[in-house]
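Across the two complexes that follow, subunit A remains constant while its partner is subunit B and subsequently subunit C.
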Partner chain A sequence: MEYLLGLGDDALVAAQRLGEWVTVAPELEEDVALANIALDQLGAARLLLGYAGELEGAGRDEDALAYLRSDREYRNCLLVELPNGDFATTMAKLLLLSAYQLPLYAALSVGADERLAAIAGKARKEVAYHLDHASLWTVRLGDGTEESHRRMQAAVDELWPYTVELFAADPAAPVDPAGLRSAFLANVEPVLETATLDRPADGWGPDGGRAGLHTEHLSYLLAEMQVLHRAHPGARW
Partner chain B sequence: MVSAVRSSDARRAAAAVLDPELRVLTIDDLGVLRDVTEDPATGRVTVTITPTYTGCPAMDVIRADIRAALTAAGHADAEVVTVYAPAWSTDWISEAGRAKLAAAGIAPPGPAGPAAGRPVPLTLTVRCPHCGAADTEQVSRFGSTACKSLWRCRACREPFDHLRAF
Partner chain C sequence: MTVPRQGRAGWPLWEVFVRARRGLSHTHVGSLHAPDAELALRNARDLYTRRQEGVSIWVVPAQAITASSPDEKDAFFEPAADKVYRHPTFYPVPDGAAHL
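Up next, the complex of A and B:
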């Protein structure tokens, strides 16, 4: 249940952040792209949270878990809750997230839990396209103008420490995150190289997301996401 | 308990339901319709479908349309079950479906092949569904729905949607 919440909350919070770009992306095509990627993440989040609610057996459905938990009850990694920043930061976040989700979903798709395997097998195909998309932009911006290179490098440098949390060992999990790091690096390092970007050095990274200890950014994100449901429970349109 | 059997008239009714976003294709053409069974004892029909994409907003409409089509065909007691494995692939789009797409000006997908994940993707040539030219360029990796990308033909200058291999 806690593990599923981690997976589902990563996808849900990432979807919410990506959705913030709708109508304000640098070009119309990118507006559509980010909305579609957000929709994929939201689709995975709904299935994962729905399953988590069933396992809990307390009558909470996907909406109850999404709209009626406080920030301290969210189990997402810190990476996805950080503000979007500029477009380079958003693409760096998407690159790191999808490079992590791809091997994670691939491993879960052949796991013992059939229900989770089915969801992961589906999400894996979608995330592969997200990784392609983020990779293309990382190369375009990194190997672009002096200014775009500077911004892309700054984004990667700023976000790199947040990847430490993604691979914290958890031997009890269906897939131990520690075992995914080499596949993650194999997804990211060639992209950075092609983009003429320096791969940041590994070191300390902030964590706590999986235990419910978040940055204040998540609180604002949830306030916006949950306000309507909390003010008008069960509202439909 | 009597086990469910395939129901041909219920299947025909469900198979005729159109995809809300690709109105030229039925859910059968698209490979979204997986199975239709009927319990001979109760007459209850169970329709199994699978989504194209997990976040596909058309699924609720498809479920409602299936129930309406079955009710119209005399099967008011119908249940729609959604499965996620095996994951839908554009390889499941029928030959008839591909022909309908092309006729509607949407370039059909190539083979989906193994799951992607290449760090730097390669782009394959897509033929223009209007004039057949191979001299085309991708305008946007995403089109009006998650399953499409937007292309432009350099020969006839027409823009077109491409259902991307997935």
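Up next, the complex of A and C:
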């Protein structure tokens, strides 16, 4: 249940952040692309949270889990809750997230839990496209103008420490995150090289997200996401 | 959010062709802006195949297309109007060839 919340909250918070770009993306076409990716993540979040609620057996559905938990009850990694920043930061976040989610979902899709395997199998194809999208932009910005290179490098440098949390060992999990790091690096390092970006050195990284200890940014995000449901419980379009 | 709003900074226009399924030909579905061919293809995927409209996409720089001009419409298309012999209607269909 805690593990599923981690997966689902990563996807849900990432979707909410990406959704913030709708109507303000640099180009109309990119606006649609980011909205598509956000909806992919939201779709995965609904399935994962719905399943988590069933396993819990306390009658909480996907909406109860998404809209009625406080920040301390969220289990997402810190990476996804960080503010969007500029477009380079958003692309760096998407690159790191999808490079982690791809081998994760791939491993889960052949796991023992059939329900989770089906969800992961669907999400894996979507995430492969997210990685492709983020990779293309990382290369274009990194190997672009002097200014775009500067911003892309700054974004990767700023976010790199947050990837440490993604691979913290959890032997009890269906897929131990510690085993995913080499696949993650295999997805990211060639992209950084093609983009003429320096791969940041490994070191200390902030963590706590999986235990509910978040940055202040998550509270603001949740406030905006949850206000309608809390003011009008069960409101529908 | 402090995202600077930018105009379309010279991104070229691309025409998009989608093949709905195997056996059909690619059909023009619209156009879009993108900085290069690779991203044009991705944008086309996001804009024009969201609802399973296709199995294959072509993108073509709009400036690479040479189009007939409306001014030349008469010279181009009018002469074909009275040449009925171009239609295959001047021979008898043999018996037994129902679906010729």
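The rule is simple: the second predicted complex is superposed on the first by the 237 of 237 C-alpha atoms of A that agree within 3 Å, B and C clash if a C-alpha of one lies under 4 Å from a C-alpha of the other, contacts with A are read in each partner's own complex, and residues count from 1 in each chain.
By our rule, a residue touches a chain if its C-beta (ideal position, glycine included) is under 8 Å from a C-beta of that chain, and two chains touch if they have at least 3 such contacts.
Since the model is a prediction, treat every value here as computed from it, not as a measurement.
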Query raised in the report: Superposed on subunit A, are subunit B and subunit C clashing or fitting side by side?
Result: clash
Report task. Determine, under the contact definition given at the top, whether A:Phe87 touches first (subunit B), second (subunit C), both, or neither. Result -> second
Query raised in the report: Which partner does A:Pro200 contact after superposing on A: first (subunit B), second (subunit C), both, neither?
Result: neither
Report task. Give one of first, second, both or neither to describe whether A:Ile119 is in contact with subunit B, with subunit C, with both, or with none. Result -> first
Report task. Based on the superposed arrangement, let me know which partner A:Leu131 touches: subunit B (first), subunit C (second), both, or neither? Result -> first
Report summary line: Of the two partners subunit B and subunit C, more of subunit A gets touched by chain B
Requested in this report: Scan A:Gly43 for contacts with subunit B and subunit C and give back first, second, both or neither.
Outcome: first
Query raised in the report: Touching A:Gly19, do we find subunit B (first), subunit C (second), both, or neither?
Result: neither
Requested in this report: Considering only the touch criterion stated at the top, classify A:Glu29 as touching first (subunit B), second (subunit C), both, or neither.
Outcome: both
Query raised in the report: Once the complexes are superposed, what residues of subunit A are shared between the subunit B interface and the subunit C interface?
Result: 29, 32-33, 36, 132-133, 136
Query raised in the report: Which residues of subunit A touch subunit C in their complex?
Result: 20-21, 24, 26-30, 32-33, 36, 83-84, 86-87, 132-133, 136, 140
Requested in this report: Enumerate the contact residues on subunit A facing subunit B in the complex.
Outcome: 29, 32-33, 36-37, 39-44, 46-47, 102, 106, 114, 117-119, 121-126, 128-129, 131-133, 135-136, 139, 186-188, 190-191, 194
Report task. Name, in rising order, each residue of subunit B that touches subunit A in their complex. Result -> 51, 53-57, 83-88, 115-121, 139-146, 150, 166
Requested in this report: Under the touch definition given earlier, write down the residues of subunit C that touch subunit A in their complex.
Outcome: 1, 3, 5-6, 8, 11, 32-36, 38-39, 42-43, 46-47, 50
